[in-house]
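You will see two complexes here that share subunit A, one where it goes with subunit B and one where it goes with subunit C.
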Partner chain A sequence: MSTKNWPLWEVFVRSKNGLEHRHCGSLHAADEEMALENARDVYTRRSEGVSIWVVESKHITASNPENNGEMFEPAQDKVYRHPTFYDLPDEVKHM
Partner chain B sequence: MSEEQIKNLEAQFEARIARDEKIEPKDWMPEKYRKTHIRQMSQHAHSEIVGMLPEGNWITRAPSLRRKVALLAKVQDEAGHGLYLYSATETLGISREEMYEQLHTGKAKYSSIFNYPTITWADMGAIGWLVDGAAIINQVPLCNTSYGPYARAMIRVCKEESFHQRQGYEIMIKLANGTPEQKEMAQDALNRWWWPSLMMLGPTDAESIHTAQSMKWKLKRKSNDDLRQQFIDQTVPQAELIGLTIPDPDLKWNEERQSYDFGEIDWDEFWQVVKGHGPMNKERMKARVNAWEEGEWVRDAAMAHASKKQRTSLEKEVS
Partner chain C sequence: MNQNLYNYILGIADNSLILGQRLGELTGHGPSLETDIACTNISLDLFGQVRSYYQYAAKIAGDKRTEDDIAMLRKEREYVNVLLVEQPNTNFAYTIARQFLFDVYHFLFLTQLEKSKDLTLSAIATKSLKEVSYHQRFSTDWLKRLGDGTSESKAKMQEAINDLWTYTDELFHQTEADKAMVAEGIGVDVTTLKKAYYEKVEAVLSEATLETPESKWFQKGGKQGIHTEHLGYLLTDLQYMQRTYPNMEW
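Here is the complex of A and B:
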């Protein structure tokens, strides 16, 4: 990689304790420290967060949408993984 | 840090929890909070993993394809629950290896209920209905516990549990409406699983050591006895609806309390099982340790494959 170009980082922000970090975008920075500072300035100027994660984008392995069929379709016909699949009398409570 | 400073931090920490704020992994926390959570969360994870064994026993012998896929899906979910919980526990600074080690050497406990045998198909019904039912009652309040990663794991788990209980109850309905032998099989399973399920909700409040602290940290929101009463009040009508009898001669509706009175629980049995003398303690640990050891070559092969791939891609980059 050329040393002139700052790498790309993905930014995850936790808006409030108790909630998970959510991906909110990306930015360029020379190293992790700068990435965190830039993320604060770019994504939390209005107190949108209490915690930030930055991950260099190249470290993220993403699934390929072209493979979505084999990736996700197998779950579609497994109706028995859902509570509605089971026949219970209407009178049953607390289930 | 001086003792004074620590006291201060602790007071702030307790105040945050009292305000219903969540604690996240990088926040300062008292050592005792960390240790207690590692213990409870890892025990919970172990219970999900060991909990697969009694049911796994019946997957190959399920009476129909419908029952087989349902049971398989349930057991698969329990593996997932174990994984969510182990990962959440790792955020507190203990490694997966250490937790496995504690389980495999018997240092860590798991829910005693899994030390009972599953001897007929009806046990699959009773487990889903009663054991998962009791687990749900334990777990729903934990969706609001103070430690963020635990609370989030519990929300996922609770969403998935509902089908577990329904598939179990459906098995019971079918058996209870079947031939006299089938009905008898269902009744026998209820007879064997009823009392252990009540014990699953923990020792009575008088005997429970951790309750006050756990309440403060929202690791517990209701006492064991309250949870047990809730379980009984919900479950008795479900048994009646399908014509099965709760094996407790002292069970009686109490009009004044709007709750069921129930008979004495055999706590000696409970402590015996906790101490390792239940019918299946040895068997379960043996099965678990075997699965781990026999899987070693697979884990090693995966690592070897991964480093080989890395080497080839490095070589490509160099050339």
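Here is the complex of A and C:
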């Protein structure tokens, strides 16, 4: 096993047409082509997907968990921002 | 029983079985987690193909033999795989060289087998082709990466190609069963694949900035059951469970 690691990539798989790509994990690869092939082998070998996106992890800007208070808590006591006061018809599934 | 057809099926299936077993040895030992899974995926593809062939062979045999008996219980001299596929995983360059040199052949072979008059063989070929075109893509990509990589990876890749080159010519030797099946429109005339094979291999080698070996001295014998010293050890692993616990099932 080499001690020098390839860059890390994040893998997004669309499980079937019409659904969105979802993050399913990460892997190492030397470039985007290898990342796609590795993703195919690591994440879709039990026919989990019909489309794969890969993006090098360094290109993702993430929020800092330390700032969770100011980022997310103010939303918690404003229930009127949630559409919970309406009756949703069953046909509307993914709300 | 159609002995020629039976032998012909084993000639195809044994290549995939032995190569699949070699790749399976990398489980947990691949150079990286991702390549480890890729190699064992290819192994599983090959085992899947092998099951279809041996099930068909068992049907042709028409006696008590099952697919497992045929796959697991023959003696070394009764395996008729080419010498190339039994060569060990010396290092990743050898694994890739062996895979590439076989995949190019395998793809050409299945493309012709698809046209077989035997509908079972033709159906197996159609199903396998998608898998094998991915195998070829995987091994070709890695061959180029390593060949056109660092000076160390290039040297190792060239060494593996040079060492395994001597086993390539045997892919195009016809057995008695081959000749009989070609005459019936069932088998593939492997001699007709040779030109396209070496053209493809040379094109990829040159893209990988590697040299095509010039040696014209080739090893043979696998198709007649005369193997290199490596096959016995491989079979010891492969057959251990059935030999130790006869008739055991999962």
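Before moving on, here are some points about what is shown:
Just so it is clear, the second predicted complex is superposed on the first by the 76 of 95 C-alpha atoms of A that agree within 3 Å, B and C clash if a C-alpha of one lies under 4 Å from a C-alpha of the other, contacts with A are read in each partner's own complex, and residues count from 1 in each chain.
As a convention for this text, a residue touches a chain if its C-beta (ideal position, glycine included) is under 8 Å from a C-beta of that chain, and two chains touch if they have at least 3 such contacts.
Computed from a prediction, not measured in an experiment: that's the story for all the values here.
Of the two partner chains placed by the overlay, only subunit B lies in contact with A:78; subunit C stays clear of it.
Using the contact criterion defined above for the overlaid structures, shared-chain residue A:28 touches subunit C, although it does not reach subunit B. Once the two complexes are overlaid on the shared chain, A:20 sits against subunit B while remaining clear of subunit C.
In the superposition on chain A, A:86 contacts subunit B only, with no contact to subunit C.
Counted by residues of subunit A touched, the larger count belongs to B, out of subunit B and subunit C. Applying the stated touch rule to the two superposed structures, the subunit B and subunit C interfaces on subunit A have no residue in common. For subunit C in complex with subunit A, the touching residues are 31-35, 37-38, 41, 137-138, 141, 145. Within the complex, the subunit A residues that touch subunit C are 1-2, 6, 27-30, 33-34, 37-38, 41-42, 45. Within the complex formed with subunit B, the subunit A residues making contact are 14, 17-20, 51, 78, 80-83, 85-89, 91-95.
Considering their complex, residues 21-24, 26-27, 66, 69-70, 73, 77, 133, 148, 151-152, 162-163, 165-167, 169-170, 173, 234, 237-238, 241 of subunit B touch subunit A.
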